[in-house]
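Please go over the structures that come below.
One chain, chain A, links the two complexes that follow: it is found with chain B in the first and with chain C in the second.
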Partner chain A sequence: MALKNEKQNPAFYALIAALIVMSVGPIVLMLATSFKTNVDVYDASVSAFFFAPTIANYETVLCNVLWYEPAHVDYCNPTFGRALGNSIVVALVSTGLTLVIGCMAAYALVRFKFMGRGTVSMTTLLMRMVPPAVLLVPVFGIWTFQYHLDGTRLGIILVYTAMNLPFVIWILQSFIVQVPIQLEEAARMDGANPMQVFFLVVMPIIKPGLAAAAIFTFRIAWNEFLLANALLDRNTRTVPVTIVNSITEYDINWGVIMATGMLLAIPPVIFTFVASKQIITGMTAGAVKG
Partner chain B sequence: MSIATRANRLTPYIFMAPAVVVLVFALLYPIGYMIYASFLDWSPSQRIGEAEFIGFRNYINLAGDAAFRESFWVTIKFAAIVVTLEMVIGVGLALLLDRNIKGMSVLRTIFILPMMIAPIVVGLMWRYMYHPTVGIFNRTLKGMGFEEGIPWLSDGTWAFAAVVIADVWQWTPFIFILSLAAMQSLPRSALEAADIDGATEMQKIWMIKLPLMMPVLIVTLLLRLIDAFKVLEVILVLTNGGPGLSTEILALRIFRTAQEFQELGEAAAMSNVLLILLMVLTIGMFIYNKLQEARAAAMRAKANATGS
Partner chain C sequence: MPRIRLEGLVKRYGAVQVLHGIDLEMDENEFTVFVGPSGCGKSTTLRMIAGLESVSEGEIYIDEKPVSHLEPKARDLAMVFQDYALYPHMNVARNMSFALRLQRRPKAEIEQKIAAVAETLGLTPFLERKPAELSGGQRQRVAMGRALTRDSSTFLFDEPLSNLDAKLRGQMRAELALMSQRVKKNMIYVTHDQIEAMTLADRIVVMNGGYIQQQGTPEQLFKNPVNKFVAGFLGMPPMNFLDGELTHRDGTMFVSGNGFDVRLTQARSQSLQHVASKEVVLGIRPSDLSHDEKAPEDRSLSLGIVVSEYVGAQTVLLCDCGGQKIEVELKSETPVRAQGNMRFSINPEGIHLFDRQSEIAL
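After this line comes the complex of A and B, so read on.
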C-alpha cells in the first residue's frame, strides 16, 4: 500500500519542512545567540541569525581551561570550567557503574530462577516512576547526617546509579532474553564459569542494548539538576547547577549563558546523531513490546 | 541440561547483590525515610532524631493549605493538557507520516534532539525566546505591528501557556516515535483486506489502525503522564512557578518548600502525595498490561480451538 504512492504531494513536504524548523529552530537560535555579543542581543536592529559572530562568550565561559588568556576577560571565573570537569566525572562514572551492576542483575533475572525473583522484578518496575523531587528530602537528610557523603562526587554518583538502575535493568532484560542460550551452554561446556560466560559471551552480544542503556543513563546523570543542587557544594557542583545559579541574577548576559547551555547540550546532541537507532530502540522497547 | 541447573546455586545471588545493595541503600531506604519524615516537624539544621514527631499534622496542614491545593490543581491541569495535546499531535503526525519516505531515519534523529537536551537548557532557550523585548516571539510580533507584544512570562495565563508550549515542543516527538513504531508493526494483512474491501483512508485510520494500536497508545499515554508529573527543571528556569502560583507544579513546590522555606517535614508529606499519585498510575499501567496479555492469550487459545 505504502509502495503505491511513491509520489507525495508538495503539502506533505511542506509539513515535514515545518516540523524540522519547529524542532530544530530553538536549538539553532541558541547556537546562534551563543556567538553573539550582549550588545547585539539587545539591539533590535541586529537579526537573530545574521550578525558578526564572536567566540568571546565561549572564551569567557572556558577561561580557566583555555591554553591562552583571552584578551577581553578581565576576571576569570573558574566556576564553569570546574563544573564541567565535575559533570564529566559524575556522568561517566555513574554510567559505567550503572551499566555493569544493572547488566548483571538483568542477567540474573532473565536466566536464573531464584527465591525473591518476582519481588525484585516487581520492585524494579515500580521504582522506575520515582521522580527526583520525591528523593530530594530523604537523600538530603541521609547523605548529610548518616552517610556523610554530602558535597562529594561519590555521593551524587551513588544517587544517580540508584536512580538509573531500575530502567537499565528493565531495558537490558529485553535484550538478554534474545541471546541464544545455546551459546552460553557451549561456553559452559568449554569450561567457562558463570562470570566468564557473562562477561565474555553475553556482554558482547547485547552491545546495542548496552549502548541504548548507556545513553539514557548518561543523559540523566549529565542533565540532572535538583539532587545535584541539594547535595553538592561549590567545589563539586555540576554544570546544570551553575547554570541555574547564574540565571537567578536579574541582569542576564544571554550570550554567555547560551554558550554555557550549548556546552551542556553538546554531548547529548552528539550521542543523538551517532546512536539515534539505539535510542529509538531503547524508547520503543518498553511501550511497543509491552 | 540447562545452565540454571548446572550453575552454582549462589550464582544468581552474586549477580543480583550489587544492584540490590545500591537499590536498598540509595533508593528504598530513602523512600522509607521520607515516609517517616513526613510525620516530623523537621528543619535542615536538625538531625532527623531531634525532629519532633507530630503525627499527621503535616498532612492536615497540607489539606488546609490553599497554596498547596492550588499547586496540586496546577499539576493535574498541566499534566492533562500537555498529555492530551502531545497525544493528539504526536499520533496525528504519525498517521500523516506513515509512508515510505526517504530520510525517515534522519527525520527521527532530528525529532529526538529536544528530548535529549538537558531540561535546564530547554528552559533556558525558551526563556530567551519568550523574553519581553529581545525574545524572538515578541520581536516578530513587533515587526508585524503589535507593539505591545505578549506578556509571555509575566501574566499568569500566558505563563501557563508558555510552559505548556515548551513541554509540547520537547515531548511530542516521544509520542510520535512510539506511535510510528507501533503503526509500522501493524499486521499488513488487515490493511490489505481493508484495501480490497474498498475502505477509504479515513475508515482505515478509525476502524483499523487506531483500534489495533490502542494497547501501545495507552501504555505510551501512561508513560508520558507519569513523566509529566515529574517535570520540574523547565518550569523552574522559565517561571520559577510564577507569576503568583500560576505555574507552580507539585515537584517545584516540593523543591521550594525544602530549599527556600526549609520545611523538610512538609516537603516530605508533599513528596508522599506525589508518590502515591504516581504509584496509582504505574500500578494502573501494570494491571492494564497484564489484562492485555491475558486477553491476547485467551484469544490465541480460542483461535487454536476453532482452528483445529
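After this line comes the complex of A and C, so read on.
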C-alpha cells in the first residue's frame, strides 16, 4: 500500500517542475546575468549560463563600500550604497514604529470597552482596501506643500507606517484575544502598572504575532516603489527607485542592475529568517488551565 | 495582620445587581472562607477586595483605611488564581520573583527569598522550567509560591484547588492548612467545596444569591444553621429535610408528617410555644440517625430501605419515609437488611426545624 502511494502520476512531476522553473527561473537568470560583462549580455552568441564570470558588476555597485578600489571603475557612483542605507533605515524604522503603535492600538481595541469599538476595528481594516496609488496624489500634495516632508526619510516612514498599520492591528488583535485575561490580572496583583502589564506580560506572549507582522511590514516597506519614487529625492531614494532610475535613455547596464537586484534581495531574506525564529506555537501553554 | 471590613458592599452589572450589601468583618490572621454555589457572588466579593472589580456601592476598609478606590498594587494583597495564571514566557523562578523584580528589590534578597519559598513548596528542582513543562499540581504550587514570595499581609485564594484531581486536592488542602498555621497572615479563600471550607476555615461565610446567609466558625454553622440553605449546604451527605407539622399533645410538642411523629424535648417545646406557623421542615443529618430496633416510637423513624451504598467505614442508606427520600449514615458493621423496614433513633440534639415558608431556623 505504501509503495503504491509513492508512485505518482508523471504529470504531477511535470507540473511541479514547471512551477519551479517559473518561480526560480527569473532569479537564476538574474544571478547569471549579474556575473556577466555588459558585452556578454548583449552578445547573442554567449550562452545564458556558460560564460566567463566576473564580479565586476558587484564591484561597480559596491565601489564606495569596498575596502579596495576596483581597477575597472573610473568614477565611483555612490548611489547604491546610499540607497541601501536609506532602504534599511526606512524599512526598519517604519517596521518598528508600525509594531509599537499597532500592538498598542490592537490591545486597546481588544481590551478596552468604549463606544464604537467594533466600528473602529472594522474600519481599520477597510483602510487597507484603498490602493496606494489613490493616496499618491493627495499625500504628495500634503507632504510637499503643507508639511514640507517631501524628499525626507521621515516623510516616507510615516506613509509606510500609516499604510501598514491597519493590517498589523488586525493581525495582532487576534493574537491579543488569546492572551488569558487572568495573566493580566495576576500581573496587576503583583504590582504592575498598566504599561508594565502590557510590555512585560502581553508583549512577550504575542511575540509570534509581532514577528509575523514584522515580516509583512518590512517586506512591504522594502519593496515599495510607487510612493518612494514620488516622494523621495536624490539623496533619500531607496533601492527599488535607484534600480529603475539606472535605466537611462543613453545606457542600460543590465549587469549592474542585476547585481543590484541580487543585493536588494538579501536583507529581507535575512530579516525573514531572523523574525521567523520567533514564530513558535503554543506560546500560552501552561499559563492557565486549558 | 490587618483587619478587613466590608461595609454594605454592592455590585451591579448594568441593571443586574449581583451583590446586595455585604457586611463582614475579618479579624487579624484569620482564615476566612467564602463558600456557596456557583453564581452566589463569592468570587465577585473576593475580586472586589483584590481591586480587580470596581465597587458599585459600599466600602472596603483595610485597617480602617478605605481602599475601594485604590489600585490592586496599593492594597498589599497577594492572590492565587483558579487557573494558575502563570506567565508562560518566564520560568518558575522568574514567575515567582515577578512582583519583587517590579519593586526593584536587591538581587541577592530576591534569590534568597525564591530559594526559601521553593524549598518549602518542593519546587527547587523545577526553578528553571517553564510552566508548560510542569504538571497541574506543580503549577498550582508555583502559583502559591508567587503569592508567598511577596510579603503581603493578606492572601486571596480564588478556588485554587478546583482544577486538581481528587487525590492531589486532598494533599494540597493539607499543605494549605499547614501553611496557614505557619504563616500568620490573613487568608481569604473562595470555594464551592464545603469540605475545603470546613477543614480550612477559622470563619466560614456562606453566601447565596448575593447575600451572606450566615457566618461563623465551622462548628457554629454546622450545629446551628440559621436557615435551610446553610443546613443543606454544609455537611456530607447533606441534611435530610422532611415536611411536617407542629402539633401540641400531652403537654409537649410533636413534629409529625407522613410516616413520622417525633416528640420534641421539653426545652425545645418551650421555645416553640409562640411560633405562629405550624408548617415546618424537619431537618436531620444522616449521621444523627442510628440503628436501634427497640427505640421508642416517638424518638425514632421507621424507614424503608431503598438502596445501601457501601463507602468503606460508613454505609449510606437511601431510605423512604412516607414518600420522602431520606439518607442515613451508619457504621459499616451495622447489619443492614436489603429490603424491608428498619428503625432508627434520632439524636435529640440533631433535630433542626425550619419554617416552611421563610426557611428560617426555628
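To be clear about the criterion, the second predicted complex is superposed on the first by the 247 of 290 C-alpha atoms of A that agree within 3 Å, B and C clash if a C-alpha of one lies under 4 Å from a C-alpha of the other, contacts with A are read in each partner's own complex, and residues count from 1 in each chain.
Assume a residue touches a chain if its C-beta (ideal position, glycine included) is under 8 Å from a C-beta of that chain, and two chains touch if they have at least 3 such contacts.
What you see is a predicted model, and the numbers here were worked out from it, not measured in a lab.
Visitor: If we overlay the two complexes on their shared chain A, which of chain B and chain C does A:Ala230 touch? Say first, second, both or neither.
Guide: After superposition on chain A, A:Ala230 lies in contact with chain B alone.
Visitor: Applying the document's definition of touch, where does A:Thr284 land relative to chain B and chain C: first, second, both, or neither?
Guide: The answer is both, since A:Thr284 touches chain B and chain C.
Visitor: Does chain A have more residues touched by chain B or by chain C?
Guide: Looking at chain B versus chain C, the one contacting more residues of chain A is B.
Visitor: Looking at A:Phe35 after the superposition, I want to know if it touches chain B, chain C, both of them or none. Which is it: first, second, both, neither?
Guide: In the superposition, A:Phe35 touches no partner, neither chain B nor chain C.
Visitor: Which partner does A:Pro131 contact after superposing on A: first (chain B), second (chain C), both, neither?
Guide: first
Visitor: Touch test for A:Leu264: chain B only (first), chain C only (second), both, or neither?
Guide: It touches chain B, and chain C stays clear.
Visitor: One more residue to check, A:Phe218. First (chain B), second (chain C), both or neither?
Guide: Once the two structures are laid over each other on A, A:Phe218 reaches no partner at all.
Visitor: Should A:Ala186 be classified as contacting the first partner (chain B), the second (chain C), both, or neither?
Guide: Once the two structures are laid over each other on A, A:Ala186 reaches chain C alone.
Visitor: Classify the contacts of A:Gln196 with the two partner chains as first (chain B alone), second (chain C alone), both, or neither.
Guide: The second partner, chain C, only.
Visitor: Which partner does A:Pro204 contact after superposing on A: first (chain B), second (chain C), both, neither?
Guide: A:Pro204 contacts chain C only, not chain B.
Visitor: Can you list the residues of chain A that touch chain B in one structure and chain C in the other?
Guide: The answer is residues 185, 188, 283-284, 286-288 of chain A.
Visitor: Applying the document's contact rule, which stretches of chain C touch chain A when the two form their complex?
Guide: 50-52, 71-73, 77-79, 81-89, 98-99, 102-103, 130-134, 136, 139, 146, 150, 163
Visitor: Name, in rising order, each residue of chain B that touches chain A in their complex.
Guide: Its residues touching chain A are 2-4, 6-8, 11-13, 15-16, 18-20, 22-23, 25-31, 33-34, 37, 42, 44, 47-48, 93, 96-101, 105, 107-114, 116-121, 124-129, 133-134, 136, 139, 142, 169, 173-174, 177-178, 181-182, 185, 188, 191-192, 195, 215-216, 219-220, 223, 226, 229-230, 232-233, 236-237, 250-252, 254-255, 258-259, 264, 267-268, 271, 274-275, 278-279, 281-283, 286, 289, 292-293.
Visitor: What residues of chain A sit close enough to touch chain B in their complex?
Guide: 1-3, 5-6, 8, 12, 15-16, 19-20, 22-24, 26-27, 29-30, 33, 41-42, 44, 48, 100-102, 104-105, 107-109, 111-114, 117, 120, 123-142, 145, 158-159, 161-163, 165-166, 169, 181, 184-185, 188, 194, 197-198, 219, 222-223, 225-226, 229-230, 240, 243-244, 247, 254, 257-258, 261, 264-265, 268-269, 271-273, 276-277, 279-280, 283-284, 286-288, 290
Visitor: Can you tell me which positions in chain A touch chain C when the two form their complex?
Guide: 180, 182-183, 185-193, 196, 200-201, 204-205, 207, 282-289
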